[in-house]
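In order of appearance the chains are A, B, C and D, and numbering begins at 1 in each one.
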Amino acid sequence: MINKIAKTASEAVADIFDGATIMISGFGEAGSPIELIHALIDQGARNLTVVSNNTGNGHIGLAALIENKQVRKMICSFPRTANSVVFPELYRKGEIELELVPQGTLAERIRAGGAGIPAFFTPTSVNTPLAEGKEIRLFNGKPYVMEYGLKADFALVKCKIADRYGNLLFNKTARNFGPIMCMAAKSAIVQAAEIVELGGIDPEIVITPGIFVKKVVEITNPVSENQLISENRRYPW
Amino acid sequence: MVEIRKGWNREEMAQKIAGHIPNGAYVNLGIGLPELVANYIPHDREVIFHTENGLLGVGPSPVKENEDDELINAGKKPVTAIKGACFFHHADSFAMIRGGHIDICVLGAFQVSENGDLANWSTGEPGAIPAVGGAMDLVQGVKTIIIFTQHLTKNGEPKIVKHCSYPLTGKGVVSHIYTDYAVIDVKDTGLYVREMAPEIDFDYLKSCTEAELKQY
Amino acid sequence: MINKIAKTASEAVADIFDGATIMISGFGEAGSPIELIHALIDQGARNLTVVSNNTGNGHIGLAALIENKQVRKMICSFPRTANSVVFPELYRKGEIELELVPQGTLAERIRAGGAGIPAFFTPTSVNTPLAEGKEIRLFNGKPYVMEYGLKADFALVKCKIADRYGNLLFNKTARNFGPIMCMAAKSAIVQAAEIVELGGIDPEIVITPGIFVKKVVEITNPVSENQLISENRRYPW
Amino acid sequence: MVEIRKGWNREEMAQKIAGHIPNGAYVNLGIGLPELVANYIPHDREVIFHTENGLLGVGPSPVKENEDDELINAGKKPVTAIKGACFFHHADSFAMIRGGHIDICVLGAFQVSENGDLANWSTGEPGAIPAVGGAMDLVQGVKTIIIFTQHLTKNGEPKIVKHCSYPLTGKGVVSHIYTDYAVIDVKDTGLYVREMAPEIDFDYLKSCTEAELKQY
């Protein structure tokens, strides 16, 4: 029998190793797998490369992982947001590395990594500092920059509904990077607000097919990042 | 540093841009000022707003009690979804952008140059945390880029310049510039002033614009 | 108001011009927009380049379009199937051109065309005759072939449910090439078994967002290709 | 041209391949003979079948009255979908293949060479209509390629050859060959015979195999 269900977040993240590359879903507060990240803080893997659109907010979730010095390098498109305090401080001190990637290029690189495409050409960033040192090539007289597919050892993803095969449904704009990160990671680890019986998800509406998912764990009432930040909470609690 | 006059206010600028958007257009509004444009679409037009974090059919802001942390726009503000909306993941969202499917994008600017170069993501200052988001994708992929900006910086410096001194977002990408002082079209042959605010005349406009301006 | 609904298949295909490139959805009998193709036969545009996985069956649909000499060139992965008779005959006589593309490369080229990617690298077809004359490049020591994005002037697509914005739902394995062809075509023309009111499709389950669709036409009871072939029917009837 | 002996029948071959497939594997079965494998998965294993035309979780063939023209496999035969199945479009389907997400693919062959080259899409004859389908994607993308074939052609020619004379589907892509005569593992150091059918001995097997065969 196929059963991808882990009993706890700790069990789900147990295999993450020092030096791993980890993709973390979310766009701002939407879709960030806070419970899985906190389990990773408890677990303690270090020297991580994290691929995520932002760098976390306040002192919880991804920001707490960074604050706990587990992250060596961030690959992201927008490292500073209104409530981002941890990353900017470490970055200014030279204690964390940053690879800045335009958001669409980041998404396409992740999708390419998952789809077996080692490299592709995009018009994005041509004639800007972010294209410096990269290969430029003309197609139909227009310049494009070559970008590489991006893979990861693990993905930490938040979704709404899952089944034991790993089929996933997401919630509104919390979908964002989740589906493509599941594709690009060797082991996608997913927290779902609900795990349903096989057959409980209509095959026509599955967003992430189970083939892309390694483990699912039910986190029934995930914390609200916004609320924790308004309460000035820090992890570890 | 020039004398700062009073031109159109933000709402008037938003209204002018909204008037530029035809029925049936797919439109992406940048974070901040550009978001105002959604409020002024004429009632006889149906325009569909895209937000790059995965929603086509962005509706008005919700009342406080209906806010949903998982239904936000690219500026991370709570929004609603209209009837006929749809959600999608980031690769599909930027396929819409990069693939040329979005008709119009309204963005802010640090600087716009004579030939339509845009700088709006970094002032290049040492110590600043660089952050680019989707701006570079939008300017390359969207058919028409409209800039919504004050004509002068807070210090009274011109934002419409001969050459951008800040790092570029994209080269030759801007089609129209809407400022508090004027509406300017970017053409192959230069910048053409289409309209000026009541208090603004062409000489004054030239005095607070580093780039060369032409009249139709 | 946005209203992408065309009243008839003829109205929907009226703008197709001589020399156009047209993508046609379907994999065998599943998802082939027979009514739209027949309307195109009536309309008469010639000298077409058609991108479709197969070349049609019997003497209806795509096969009938080819038989009517409207197609100059086929771009496809599998031009001969059990019931394919028209294309092989014309091909042997040298009266139709063929660009043979591996199925996954065809899908990825179409998706790239729709996503603004002018070219990408794929391992598929390396060291085979289908890679001859193409650029080969090593990534991590492994060879990949460069393939180009594919765009079209029009797409003819069959789906199950649509709304006036052009949002689409598909039926089972009839989905196949439909969604990516809508992305890659300037004008995607879609026949839907049902057109519902705006709001009749849950935003979470939309397969093709309306932004990729130009026209939809309701064809309530589309013909069954299998049945027409078993009855030896020909179009024009 | 060698004497043709009777080896395993198709069902026995399918059963052997099925025994090779572990619990939880994602498997793509080629058109024709390979489809038989699905019938022999041991009952204590759960295996998920992928068909490249957009379905993960292919179930058994339906009874005639439940056949659905829009629920078919890559061979265009009616199938069913199991509980927990999902549908997707062609680009996503081949992302699964090319991206290395499918564990095992079982394919037919015209020829397999000593170093694991496969030819199974074209005999290269003049006048033949070339057709490739998804074979080239599968052999490059799927982790383990298993060949399910008769050991000899209908004319008694060996299919396991030193070098493929037919156009290649992929170079060095085959992991295991299951024929009616033997099970052969393709390794860096050559072809190793793991098992032979009851009527077959190593000398006979060598006599009907052009490629060099080794014993473990």
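Following the convention adopted for this analysis, contacts are C-beta pairs under 8 Å (C-beta built on N, C-alpha and C of every residue); 3 or more make two chains touch, one makes a residue touch a chain.
Predicted, not measured: the structure shown is a model, and the values here were computed from it.
> Provide the labels of all chains in contact with chain B and in contact with chain C.
Where chain B and chain C share a partner, that partner set is A.
> For the pairs A-B and A-D, output the one whose chains share more C-beta pairs in contact.
By number of C-beta pairs in contact, A-B is the larger.
> Determine the centre-to-centre distance between chain B and chain D, using the mean Cα coordinates as centres, and give it in whole Å.
55
> Using CA atom averages as chain centres, what separation in Å is found between chain A and chain D?
A distance of 36 Å separates the two centres.
> Counting in whole Å, what is the centre-to-centre distance of chain A and chain B, each centre being its mean C-alpha position?
Distance between chain centres: 29 Å.
> Using the touch definition from the top, which residues of chain C touch two or more other chains?
Within chain C, residues 108, 111, 115-117, 122-123, 170-172, 204 contact more than one other chain.
> For chain B, which residues are shared contacts with two or more other chains?
Each of 55, 81, 87-88, 91, 94, 97-98, 140-141 in chain B touches at least two other chains.
> Strictly by the criterion at the top, what is the full list of touching chain pairs?
All touching pairs, sorted by chain label, are A-B, A-C, A-D, B-C, C-D.
> Write out the stretch or stretches of chain C touching chain B in their complex.
1-2, 111, 113-117, 163-165, 167, 183, 198-199, 201, 203-204, 206, 209-212
> In the complex of these two chains, what residues of chain B are touching chain A?
51-55, 68-73, 76, 81, 87-91, 93-94, 97-98, 122, 127, 129-137, 140-141, 167-171
> For the complex, which residues does chain A have touching chain C?
Going through chain A, the ones touching chain C are 108, 112, 115-123, 137, 139-140, 142, 144, 148, 169-172, 202-205.
> What part of chain B is in contact with chain C in the complex they form?
23-24, 26, 46, 48, 50, 55-57, 81, 83-88, 91-92, 94-102, 140-141
> Can you list the residues on chain A that touch chain B in the complex?
Checking each residue of chain A against chain B gives 27-31, 53, 77-82, 87-88, 91-92, 98, 100-108, 110-111, 122-130, 170-180, 207, 224-226.
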